Amino acid sequence: MARIRPPEFHPALLVIDMQNGFCTHGGCYEKFGATIGADINKYRKIIPNMRKIIDVCHELRIPVFYTQQVREASGIDLLTRLHRIIPKKRLEFLKIQACVRGTWDAEIIDELRPTKDDHIVVKRRDSAFQDTELELWLKGIGADTIIYTGVDTCICVENSIREGFNNGYDVILVEDAVASSWPELHKATLMKVRGSFGLVLTTEQLIDMLQTTKRGASGFRFSTESL
Amino acid sequence: MARIRPPEFHPALLVIDMQNGFCTHGGCYEKFGATIGADINKYRKIIPNMRKIIDVCHELRIPVFYTQQVREASGIDLLTRLHRIIPKKRLEFLKIQACVRGTWDAEIIDELRPTKDDHIVVKRRDSAFQDTELELWLKGIGADTIIYTGVDTCICVENSIREGFNNGYDVILVEDAVASSWPELHKATLMKVRGSFGLVLTTEQLIDMLQTTKRGASGFRFSTESL
Amino acid sequence: MARIRPPEFHPALLVIDMQNGFCTHGGCYEKFGATIGADINKYRKIIPNMRKIIDVCHELRIPVFYTQQVREASGIDLLTRLHRIIPKKRLEFLKIQACVRGTWDAEIIDELRPTKDDHIVVKRRDSAFQDTELELWLKGIGADTIIYTGVDTCICVENSIREGFNNGYDVILVEDAVASSWPELHKATLMKVRGSFGLVLTTEQLIDMLQTTKRGASGFRFSTESL
Amino acid sequence: MARIRPPEFHPALLVIDMQNGFCTHGGCYEKFGATIGADINKYRKIIPNMRKIIDVCHELRIPVFYTQQVREASGIDLLTRLHRIIPKKRLEFLKIQACVRGTWDAEIIDELRPTKDDHIVVKRRDSAFQDTELELWLKGIGADTIIYTGVDTCICVENSIREGFNNGYDVILVEDAVASSWPELHKATLMKVRGSFGLVLTTEQLIDMLQTTKRGASGFRFSTESL
């Protein structure tokens, strides 16, 4: 278990890459993801938990950030422009026009559609922090703790956790609100977070902690008592 | 297996955190690392392979970069200054004065001591790229491919791979020249690199590839033939 | 004069912040910019030169990047969220809803409207490189030299030049295709670029250099002969 | 004048590039700086003011950061490795072995020698923030406001101000504790800071503000009253 040091936390929710292309029937992963072993059913399973978490965050006025992984139609940002060594299966997959900016494929799924008060971070690579305004926005609202949800646990979620942690943001990973197509790697991410980076909670534990925590003058007073 | 697209590669060797504190008897990990499960014997086992790789790189004039993870004696860079959520065991470990800049603990181990032609990158966090001059130097010498070796596979090596890859540097991970205290996480890193980021080679395969590859006008002509 | 070292250059054109808010009648600068001394007439004067440069770049297949400075309607990215010391006049100006994402104010001006082959970089702060995908895209197309145009010379143009130069990109500043509301500061930027960062050319010199330069196998062979 | 919004400020002092090479008789600038118009006498003039400011900061326990601009003896970080367009005079100057890491030339000048409680930031390019641990350290101590001093006003000082401001750090520039070899550019920097980035104070005003400001529970309560 991680140690939580009082007094006040300013959490923000991060909803990573819950886009049609990755999570909706008819999207690029359902059609072509088999090559790399992508399994949208695993991704779709977490939608109800994510819905609950987003609702609670809205209710408690915890800011919600969605990332949207996009590619340009022009192909300027393709990995194959920069890399000459690429795992074969991934290379197959890269031929697909996945989550091109402006297409249905790139949009956040209907079930979790952002409200006008939520924030969208367009990203090009794995980490939500890389080359985006995310940190500037977190600074702007004084957030210091990130609740991580979304897909894929072992790639974009883990990259964001590693970069966020190393830049000073506390980590809460919601184990049943993140999903991976690769169960061993999902498990490895949880193990690593538990060992090195922060808290791993279930959706229920998270919601309970958020709802029962006394909210102080400026933030939440998390404690380990309820865990 | 990863696909390699010719023609010419400009590799650089990265030797991550092979410091007394982590890898030498009498260093901080041997004395206090038990709390977090650190096992210096696992780290020491890769020293002979790393020695071979470094020697071959010197011989073939492949540039060699060492990272040196340091803490300030003043404690200004302590994780506990920024984080209030820290896994308990890691928190215990953070009480130790590990690899303080300027101490024996922070120095590269004798067995792999850098020559005056090698480059040292002092780092503060997990990734060799974070807040360091590494990318500027790689650009300066035109390196496009990084050979990753050192410790710990699942933390500093993996963070460096993820950040390097996402910034456009091709990845070659040498599986018996990286080590982890946590065998499952070591395995998970290899699996992830094979699936998403690049090549995983043994020391023997790497050396063979480097020595037999025809060196072109400006770089190595790697091919997948020999793999 | 700057020294140009052959052989081949891979230029990209950067068109900075030529948006309705800053450069079109009816935009936020015309309406409220007087507080900070903004003068859209100075900005509008460079439009014909920029038009010519963009046309030549399209003709010679030099990639064109437009930056678009935006604010969120939510105000999450306002300077006043982070800063408590702000020059008084600028503070007045910050009260205006300038170049809010998705509004007419934020759009690139009609006279320079991007084609579908051009690239748009949405930015939040002064430099085109800060927290944007620009460098990743430049790497993706192998660009090494940036032709700087747009507004305001002393803020967003100069910040981009400084950050671009310090990350290794060669600088060509087109003195009559950048504009500032503050003539002394415009002059100071030109002087600094001439002294420290790169080439300062007129539109005519630039176009002449681009059109007469022999294009090699992979890039332009600029020389100082024509300067 | 800039508006200061209460309540509490956490200032840090930044002493930029006050090294033998740039500021001491016998250093590289005195010997070879004439090519680029460098004038160490201008730099030496601010030493007494800087001394006073550093002393006051020590007394009031305001953290002090020194930057140290270095080059590698190996030349791996030379601008000429990355740039093919370089202003002629600067190119001449680049032939000199200036402020090589580990040499007397690179050391902070005797008059301002850091104490063991001060912090040293080794930098490779113009901005104190680029590729350094500075922001991580500022976060670690909760600093939000930077007092800028040192040389050269229009290059390293201004780059640091621009990058610091755009990342959310409040700016106080001490006009008689920064110096430039180029008087017009010095003036332009002051004008830009006054118009866009923050406060410009004299050494006397700064010391007065620091000494008379009531220090609150956690920071200084600056006000504009004394200005």
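For clarity, chains are labelled A, B, C and D in written order, and residue numbers in each chain start from 1.
One rule holds for everything that comes next: a residue touches a chain if its C-beta (ideal position, glycine included) is under 8 Å from a C-beta of that chain, and two chains touch if they have at least 3 such contacts.
These numbers come from a predicted model, not from an experiment.
J.: If every step must land on a chain the current one touches, say how few steps get you from chain A to chain C.
T.: 1
J.: Give the rotation angle, in degrees and rounded to the nearest 5, that superposes the C-alpha atoms of chain C onto those of its identical copy chain D.
T.: The rotation relating chain C to chain D comes to 180 degrees.
J.: Name the chain whose C-alpha centroid is farthest from the C-alpha centroid of chain A.
T.: D
J.: With touch defined as above, tell me whether chain B and chain D contact each other through largely the same residue numbers, more than half shared, or through different ones.
T.: same
J.: When the C-alpha atoms of chain A and chain B are each averaged to a single point, how far apart are the two points in Å?
T.: 27
J.: Taking each chain's centre as the mean position of its Cα atoms, how many Å separate chain B from chain D?
T.: About 33 Å separates the centre of chain B from that of chain D.
J.: Which integer distance in Å separates the CA centroid of chain A from that of chain D?
T.: Chain centroid spacing, chain A to chain D, equals 39 Å.
J.: I need the residues of chain C touching at least two other chains; which ones are they?
T.: 82, 125, 136, 139-140, 168
J.: So how do the chains connect up here, line, ring, star, complete, or something else (other)?
T.: The chain contacts form a complete graph, every chain touching every other.
J.: In the complex of these two chains, what residues of chain A are touching chain B?
T.: 1-6, 9, 36-37, 80, 82-91, 125-127, 130, 144-145, 154-155, 159, 162-163, 165-166, 168, 170-172, 182, 184-185, 188, 191-192, 194-199
J.: Which chain D residues qualify as touching chain B in the complex?
T.: 72, 74, 76-78, 81-82, 117, 119, 122, 124-125, 131-133, 135-137, 139-141
J.: Which positions of chain B touch chain C when the two form their complex?
T.: Against chain C, the touching part of chain B is residues 136, 139-140, 167-168.
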